[in-house]
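For reference, chains read A, B, C, D and E in written order, and residue numbers begin at 1 within each chain.
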Amino acid sequence: MMEITTVHYTVLSAALFSIGVIGVLVRRNIIIIFMAIELMLNAVNINLVAHAHRLENLVGEVFVVFVIAVAAAEAAVGLGIILAFFRNKETVNIDEMNVMRW
Amino acid sequence: MTTAPSPMFDTDELVINMGPQHPSTHGVLRLVLKLDGEKVKDVDVVMGYVHRGIEKLSENRDWTQIILLTDRMDYVAAATNNLGYCETVEKLMEIEVPRRARYIRTILAELQRIASHCLWLGTHAMDIGAMTVFLYAFRERELILDLFEEYCGARLTYNSMRVGGLPLDIPTGWDEKVRAFCDVMEAKVPEYEELLTNNRIWLERTRGIGVISAEDAIGLGLCGPPLRGSAVYRDVRKDEPYAAYDEFDFEVPLGTRGDTYDRYLIRLEEFRQSIRIIRQALDGLPEGPVMGKVPRLLKPKAGETYHAIESPKGELGYFIVSDGRATNPYRFRVRPPSFCNLQGLRPLVIGHLVADVVALIGTIDVVLGEVDR
Amino acid sequence: MADEPKSDDAATDKPPSADTPAGASAADGVKPVPATGGQETGKPAAAPAKPKPKPKPKAPPEAPKGPSDPLPPDDLEQPAFLVSLRQALPAAIEQVSYWVGDWTVIVPPTALIDVLNFLKDAEEASFDYCADITASDWPPREKRFDVIYCLYSTRRRHRVRVKVRAGENEPVPSVTGIWPAANWLERELWDMFGVNLTGHPDLRRILMPEGWQGHPQRKDYPLEGPGELLLESPMEWLRLRNLSDETEIE
Amino acid sequence: MIDTIVIPLLKIAVLVNGVLVAVTFTVLMERKVIAWAQSRLGPMRVGPYGILQAIVDPIKLILKEDITPAKADKWMFTLAPILSLVPALVVFAVVPFGGDELFYVTDINVGLLFIIAVTSIGVYGIILAGWASNSKYPLLASLRASAQLISYEIAVTMTLVSVILTAGTLSMIGIVEAQQEAGFWFFFVQPVAFVLVLIGGLAETNRAPFDMPEAEQELTGGFHTEYSGMRFSMFFLAEYANMLVISAVVVVLFWGGWLRPFPNVAALSFLDFIPSWVWFFGKMFGFLYLFIWIRATLPRYRYDQLMRLGWKILIPIAIGNIVVTAVVKVLL
Amino acid sequence: MAETIGFYTLSVLILGLAVLVVTAKNTVHSILFLVMNFLCVAVLYVVLQAEFLAVIQVLVYAGGIVVLYLIVVMLVNLKGEAEAHQDPRRLSVIGLALAGAVLLELAGILVYSSGSDAAVPSSEAVASPVQGNVEELGWLLYTDYLIPFEVASVLLLVAMIGAILLARREV
């Protein structure tokens, strides 16, 4: 077995990111789509942490903190929108969310 | 675009079946709550799970046997039920009850009121989460049950009165024990108050909860403490005195806001007033027989009457029709205070939260044996 | 409708004869009166005009024809609300009866709402509290039900009973519009007797189960009911049940 | 090898068993204390003064039939109690029960954060229990519980920031040592934070007067209504283990952990003969008693009142406390 | 060796759980897989010596954000699969193809740049006066990255207000 290098982490990150992309593109349940986006953000985080580890520079980790903050903000607003939408249209199917107002 | 709601979501309001097996519906009451989140939008009260047909049964029992059936209605205040029934028959037959019997009946009825309120206080506090009060109140109720046991041998269904008086005179020394109990009880009421009356959480849970105006309360036919909580001066003991209440001095506590807290304060004050009545009755207990002149075979003349007394829950009325020929009533009807008060539950509950529902069931003080009969 | 103002005049016209003492002191609302209802038995006569009493048919020995509704003794003064009721709605009153201190007004079902509205709204009556609604069943009689409204006034502190005689299918108007309290009481009335109540907002069974057949408080309903039959011979019970299911197509 | 694997494993084994046994005795203690508060005797039949009740209860629970409702989500239904119990046990890894290395499993430099993070996982057990039961009362209860736990977690975490500021470290041992250096327990410098953490802790462990999620009078038992037998007892264990956690954390943060009162005052050094773990457990016992006492005394808050208390009172006070602490810290 | 085994185990777990998140029929199951995924990622952070981030990952992601998802799912009370009724304009095949393209692109970039893995000069490491992961991170956040930090907090504030506004029933 070979030594684990940053490349391994990057590959892992890329694979995770792709799974996230698949989720966003294939699923229609908006909540699952949101979770796929979280997966993609996590892929990015893994990449950042791995490189911060390699470079022995914590800037990468600082950005992870920001990413997590953004993810939290996104989840709060996004779920708020889902709830508001659901209350009016009674669906979480993204295909039916095709109007800007209701 | 297509706005037809897809059928895959359940967006109806949450319908919750509270009861008939539920820890705080005080028996087998069933509430079908329609909730919006935690807020109650509508409630349907379903009852009848302990309907035993006491009215129908009574029409086929003779006048004395019915006393035993009345025990089974409000089973936490059986003596009050006995009293109401016996007085109604006495009114129908125009029987004079000896003064001593009327005094003892008053004592029994007031002891029963304390016992019933103890049970109410305990369960009501328990519903709101104050579990210690429950056991404190039951400790005192136990003393009353002991007194009743000594008087009539039973602890729950007393069968303690007869048409025309009482089956038994009080045992020797019983009055002293009642007096001692009054002293104990007087000391214990402040103990309950200490735990609840000024407790912040208790205030938040009961103040402004289930407010009902005096007009609505009268219109809905509420009676007893729920009616007095809305500042309506109505107490059968004062308005239409029965037993020996016209000879005693006592006050009828009234609420001001008509909320759960007021009803709580009223019942606590009734503890004190009941003790006051019992003491007066013991002080003035006359000598004499406890049974009036009653024909061997009870057979009232044809006629009908309605007579009400103030049970711990409210106005307990009996409507009895005699056809003058049979040894059983032609029609026997009970006006159950719990039933009428329970009717007030729906307007009280709507708009409140689920947690308040249990507090409001508690504040109405229902006994399902009486609601369903 | 036009009678109503007259009734007020009538009440004020004869202040001394009506039993104002009870009414006046109770009007304060604070001090309760230790008298039972509006009854003033000790008072001397001066009774106002009474309608001619209907002769009560003697009950045959086998089945009672109905309750004895004894007329009040001639020397007994009638309470003010009865006097004014009689003046306001003279046609509505079939009979007034008095027994062991209770006043009962017997009215036809058609006049029920008018009478109850008058009793609730008139100043000297002000029966704002509907204590009880019940019935009694006298099967051989053509109008088999006596529907009884027990009223009470929290302001005047007196009672009265209003009685309606109704046949099995004769409509009896619901009084829920006058007293909300009547809602459940009338539900129970219907549940137990099957009185044909009209205009009730929510007429369902209340004490008996939803699909129950029959009305248990009727005199011709057996004391045992189906419950014991079910235990003793289930097949017979099932046959009877299916029978009733078939008839229940409504 | 022995130092890095065997000893920690032994410690973990002892700790987990110790916590479970402690929980059963906490249940007994609760029953006894509440009984005394209510002028009754409590369990008296099993063993002297009912002491063996602590052993009989779990046996009874284990032997009871374990029912899975037909419409429940089987996997989730089984997973939920585990998710509830495991975090409660894991947290003890960083709790120092005494001054010696023997008395804690590990000391990580983010110990306090670790506790907050791991306890925040415990909410899944409650939510999933409510959801998986496929029943309305548990669902309502779990919605209540999740909202309650999250809001009070915010309040508690905010409050802990001021303690971290005072101590200057996130390590549990570091916090105790900081109190030793300072010469006084942090209760004396952070009394507001102490009260907030205590209230928040009551809410986070679903204890009275904040026991809405399991209010049996309203929700017939709350999120574990459909549970029975072993799985129910795991919720039970988790609740009491969380109670132990909260008391342990409060003791470490505010009451000097294993330190004696005024650790720098030489005049009190005669107290040193008492071992450090006795101090720790004594203080923990005191807080457990306090929790039980509160339960016996107070009625239950209503859900919306609880949320109002959390968001409108506790969190603003916590933020104010952080600001004051920071200013004082800078000035000194 | 231990690191290798750990890495591969974690990778398999992370990717497998991610696949389950995307494919699970039941949304609640999906959320639970997501939580486990995040916990595994947290462990990965510990391997990469970022303890603070690991704890934050658990605290914020697993303990906060995903709980929100769970609550929302329970609130909207999903009865069945949202995909139950199909929209012909959306084709999963195209989605999969696009995702494959993304993966290919990423792989290309990776292969192209993987040569220069080693020996990257430590980019003038900021001389922080403190020791330890948490302290250094804090130092960076409150010195060099103070303004982004403040911006992030403003973002969170805006998100909070927005969420409250959206969730209000009567607008």
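Here, a contact is a pair of C-beta atoms (placed from the backbone, for glycine too) under 8 Å apart; a residue touches a chain by one contact, two chains touch by 3 or more.
In UniProt terms, the chains line up like this: B = NADH-quinone oxidoreductase subunit D domain-containing protein; E = NADH-quinone oxidoreductase subunit J.
These numbers come from a predicted model, not from an experiment.
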From chain E, which chain is the farthest off, judged by mean CA positions?
-> C
Centroid comparison with chain D (C-alpha atoms), farthest chain = C
Chain centres from averaged Cα atoms put chain A and chain B apart, in whole Å, by 62
Interchain centroid distance [CA atoms averaged], chain B/chain C, Å | 25
Distance from chain D to chain A - Cα centre to Cα centre, in angstrom = 33
Whole-Å distance, C-alpha centre of chain C to that of chain E, is 75
When you check chain D against every other chain, which residues touch at least two of them?
-> none
Chain A residues counted as touching two or more neighbouring chains = 86, 91, 93
Residue ranges of chain B touching at least 2 other chains are 6, 8-9, 11
Per the touch rule, the chain E residues reaching chain D in their complex are 26, 28-29, 32, 35, 39, 51-52, 55-56, 58-59, 62-64, 67, 70-71, 74-75, 132-134
Chain D to chain B touching residues, read off their complex | 34, 37-40, 136-137, 140, 144, 208-209, 211-212, 215-220, 295-305
Tell me, which parts of chain A touch chain E in their complex?
-> 1-12, 14-23, 25-32, 34-36, 38-39, 42, 45-46, 49-50, 52-59, 61-62, 64-66, 68-77, 79-84, 86-87, 91-93, 95
Hey, which residues of chain E end up touching chain A in the complex?
-> 1, 3-4, 7, 11, 14-15, 18-19, 21-22, 27, 30-31, 34, 37-38, 41, 44-45, 48-50, 52-53, 56-57, 60-61, 64-66, 68-69, 72-73, 75-76, 78, 81-83, 85, 87, 89-90, 92, 94-96, 98-100, 102-103, 106-107, 110, 114, 117, 120, 122-123, 125-126, 133, 136-137, 140-141, 145, 148-149, 152-153, 155-156, 158-160, 162-167, 169
How about chain D: which of its residues touch chain E in the complex?
-> 73, 75-76, 79, 108-110, 113-114, 116-118, 120-121, 123-124, 127-128, 130-131, 139, 142-143, 146-147, 150, 153, 170
